[in-house]
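Structure record follows, encoded as structure tokens.
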Amino acid sequence: MSELFPFTLALGDDALIAAQRLAEWSTRAPEMEEDIALSNIALDQLGAARLLLSYAGELEGAGRDEDALAYLRDDREFRNCLLVELPNGDFAVTMAKLLVLSAYQVPLYTALAGCPDERLAAIGGKARKESAYHLDHAALWVRRLGDGTEESHRRMQAGIDQVWAYADELFAARPDAPVDPATLRSEFDDTVTAVLAEATLTLPEVGWTPAGGRDGVHTEHLSYLLAEMQVVHRAHPGARW
Amino acid sequence: MSELFPFTLALGDDALIAAQRLAEWSTRAPEMEEDIALSNIALDQLGAARLLLSYAGELEGAGRDEDALAYLRDDREFRNCLLVELPNGDFAVTMAKLLVLSAYQVPLYTALAGCPDERLAAIGGKARKESAYHLDHAALWVRRLGDGTEESHRRMQAGIDQVWAYADELFAARPDAPVDPATLRSEFDDTVTAVLAEATLTLPEVGWTPAGGRDGVHTEHLSYLLAEMQVVHRAHPGARW
Amino acid sequence: SDLAAYFAEVVDADQKIEPRDWMPEAYRRTLIRQIAQHAHSEIIGMQPEGNWISRAPSLKRKAILLAKVQDEAGHGLYLYAAAETLGVSRDELVDLLLDGRQKYSSIFNYPTLSWADVGAIGWLVDGAAIVNQVPLCRCSYGPYARAMIRVCKEESFHQRQGYEILHTLAHGTAAQKAMAQDSVDRWWYPSLAMFGPPDGDSTHSAQSMAWKIKRFSNDELRQRFVDMCVGQAEALGLRLPDPELRWNDERQAYDFTQPDYDELMRVIKGNGPCNRQRMEHRRRAHSEGAWVREAAAAYAAKRAVKEKEKVAA
Amino acid sequence: SDLAAYFAEVVDADQKIEPRDWMPEAYRRTLIRQIAQHAHSEIIGMQPEGNWISRAPSLKRKAILLAKVQDEAGHGLYLYAAAETLGVSRDELVDLLLDGRQKYSSIFNYPTLSWADVGAIGWLVDGAAIVNQVPLCRCSYGPYARAMIRVCKEESFHQRQGYEILHTLAHGTAAQKAMAQDSVDRWWYPSLAMFGPPDGDSTHSAQSMAWKIKRFSNDELRQRFVDMCVGQAEALGLRLPDPELRWNDERQAYDFTQPDYDELMRVIKGNGPCNRQRMEHRRRAHSEGAWVREAAAAYAAKRAVKEKEKVAA
């Protein structure tokens, strides 16, 4: 097993679980254009997940393809950050999650695009452009909601308050990885701080740092998500689709 | 396979799916006493389900026990009525569902208690007392909510409006069964009409008769319910618990 | 009048009527109703397939399905835009849908009960939609015709994907094949009913034919669909659930059992298995999104004021 | 005063103080806080196990679990009733919980991640609760002592059920055994922390001991719990995750690694993995149920008026 496996798997799981949550908005978004936009972002995350998990499977060298990794692991074997598995909540919570995720993925994929591993570099090169769009989209909505009506301001601030603590886990040091997430924190902070300021929102003080996703210790939400995601695949062992 | 199998299975599935939905209220009920009451009713339904499914397995003669029937069938193989699989909705919807279900189960189990098949008669004898309590409980809440506040009246009427059409399926004729549900309709109508009148509620005119549960053609809700209910059992084929 | 004569001339010559052109009020109303109903069908039609996105059994299928449902939202938007060229706003049309005063295709009032239903909807429902819509690409109203060209292109792509799903299932495990057959059994007659009541009972048809909005009768299109499906079903290795289905050498077409038109009428009147669920889902999404749309409007208004102030300063 | 002397005498004689008796205000306040916290723990403690009711892997286990969670609601009710004998209402106490001004046991701020966690909670968490609570059956305040007798009886039943679940898993498939071991690994130290900070850091203890509310120190109870678990773990065939665990012949007790008290303090302060989730769940159930409680009150008021009218007529 290559030493790149755990890192690649974690990134793939982030993207997969983010895609699954975003896709829950399909047919439910606040306006039709937004339904399309959220599906687009879900598709980008799913696309990145497929590339990363396929490559992770190769790095592992145990014959697992993207579907084996996506459908045949239990929650304790998933390595995604807790942020992406949190329930969608209202549209403000979803935009808060997307802001945090994409403000992390932009510098991550950008750095990855320059890493020595060619496959990861190629994935990073493709995904960073998509992430830049996700970030723009999330930032636009955070500004609109933060500086919209009284209700939207309240909800958007609550959304930020609810997810902010989950950002820390994203930047836990990983010195051996092709990109050490710890090195991305300041760019992330700058991005988010600027968006929140424009949106007339406040960065909450949290005082707790939920974590565990990278070690497979998740929230109670993930196993429900997986039960639904995996149910058909698992009901037909060995079938092709 | 005994000719009693489909009938017994249908009753067992009604009870099982009703139990699963009622148990969703655990830790979520409007007051603590009601949390206990709903768990009690769920436990009664689950108890009846276990007796009925165990007996159904014997009648089938294919070696399936209660767990094989509960955990290893897909939604197309379940024979419960649509009523019990509908989402809980708010507390008023749940009470409307429980009123309809128990006003059906009381005469059903009472008649069953006198049927020639000893096992079914014993199950009916036990379950009818429990169902009488469920009916009292549902009727009490329907009166309280119907004749409570303006909001509760509106919600309770909406709950009745939403579930009423699903009653018809319960009384579809089954002339070969130990109890033909069609013969129970008038007692059911009397019960419900009296409760609704006391509750200052109106019986809706519906004009549609959703059905299909007895043939395994369910709503889109059931497969989600089963995915969750069966996930652990199915992840460990052949395991004992 | 000159205008009416010009209108008739354009239609007769198989040319396009454009938004700026004069048109009879009844023509405009018919088109608005038809295009809106078509747009609503795309939006409501997202739900039955959307029901399986979270459970798609491979990541590739999940991506294809998500993109397909997204395409339907896109079709809805083109079609609302086409209707807007007739002087009605999308918001008005959406309200008509949510109030139950305009309909959508009845086919979407059936539940999707298995993954195979995603395949059956692609193959049969999109297949029937294409047979219905291809003639609309030559419809006399330009914006509608052009929207349909784009929609039909994507629909045939979707139909192929549905066919592929069924093909994989039909050639997979016994359980997969059974799942596929079960889907076809449930979707066949509702798909036949998509072409509407038999010609004898169809109301608006004659006028729509004269206006070249419609070009073939319901029964003609239904026959075309059946003839198309028979060979495809054989290739799939799946059985169409009609014991009367057989080639009629005289008619050079397949004889087949008509769908249950009483059922169709019940579903159109709002009493199909999922009418209430589909409408409630849409209404809830709309009402739960209200605060977001209001916020976007408030933000835009604030920005506009700031821009003005900047210009003034 | 005579009253204070009588109170001291009753406590010294190991007799019970009853609601009608005079008691020091601090005694009353201490008891209210402790009983309320205990009641809150039963109510919040329903959530981690309740999380697995819908997924219990056999119908028998589902029934047992549902009944257990129901018992916890029942314990909550007895305990609120015991607190009410001290002149505080349940509604006030529930508000104190929902506002975050009163605590509940920190153990319930850890997530349940597998079915085996239901077993581990029964064995370890209920086990620790029993060790804590058995002495409370002799507490100087009568209503609390009597409530605890009832609670302890049921808790030991629950503990046996948890042990049974783990036993079945530990003797099942390799995956089941791994699941069981993983649960024990996660729940062991949090269970040790249930006995509170080490005696040196414990604040209210001395006064509670004097009042015979508390009878043993945190560390004494923790040691008793460890000594009890070692043999049971062996019987289960599961490993307690402590490499330092060994019999100390001199102390006639097991040496063991202390839990992480900094973590305990973080969790008590509200920063455990699930504090926010547990509170939000409870607050939501409470607020979503408000209209129901209001309706019940309105209905009761109407009935009371009608009864009066009947009597008057």
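The chains carry the letters A, B, C and D, assigned in the order they are written, with residues numbered from 1 in each.
Heads up, the rule we're going with is that contacts are C-beta pairs under 8 Å (C-beta built on N, C-alpha and C of every residue); 3 or more make two chains touch, one makes a residue touch a chain.
What you see is a predicted model; the values in this text were computed from it and never measured.
Student: If you apply the touch rule, which chains end up adjacent to both subunit A and subunit B?
Tutor: C, D
Student: So which has more C-beta pairs touching, A-D or A-C?
Tutor: The comparison resolves to A-C.
Student: If you average the CA coordinates per chain, which chain's centre is most distant from that of subunit D?
Tutor: Using the mean of the C-alpha atoms as each chain's centre, the farthest one from subunit D is C.
Student: Let me have the rounded angstrom distance from the C-alpha centre of subunit B over to the C-alpha centre of subunit D, please.
Tutor: Inter-chain centre distance comes to 34 Å.
Student: Centroid of subunit C to centroid of subunit D, CA atoms only: how many Å?
Tutor: Each chain's C-alpha centroid was found; their separation is 58 Å.
Student: Just how far, in Å, is the C-alpha centre of subunit D from the one of subunit A?
Tutor: Roughly 37 Å, centre to centre.
Student: Which subunit B residues touch at least two other chains?
Tutor: 223, 227-228, 231
Student: Which residues does subunit D have that touch at least 2 chains other than itself?
Tutor: In subunit D, residues 55 touch at least two other chains, as defined above.
Student: Draw the chains as dots and join the ones that touch; what shape do you get: line, ring, star, complete or other?
Tutor: other
Student: Which chains touch, pair by pair?
Tutor: Those chain pairs which touch are A-B, A-C, A-D, B-C, B-D.
Student: Enumerate the contact residues on subunit A facing subunit B in the complex.
Tutor: Against subunit B, the touching part of subunit A is residues 74, 223-224, 227-228, 231, 234-235.
Student: How about subunit D: which of its residues touch subunit B in the complex?
Tutor: Those residues of subunit D that touch subunit B are 43, 46-47, 50, 53-63, 66-67, 69-70, 73-74, 76-77, 115, 165, 168, 172-173, 175-176, 281, 284-285, 288-296, 298-299, 302.
Student: What residues on subunit C touch subunit B, complex-wise?
Tutor: 51, 55, 111-114, 182, 186, 266, 270-271, 273-274, 277
Student: State the interface residues of subunit B toward subunit C in the complex, per the touch definition above.
Tutor: 75-76, 207-208, 210, 212, 217-220, 223, 227
Student: Once bound in the complex, which stretches of subunit A touch subunit C?
Tutor: That would be residues 16, 20, 23-24, 26-36, 39-40, 42-43, 46-47, 49-50, 53, 66-67, 70-71, 90-91, 143-145, 147-149, 151-152, 155, 228-229, 231-233, 236, 238-241 of subunit A.
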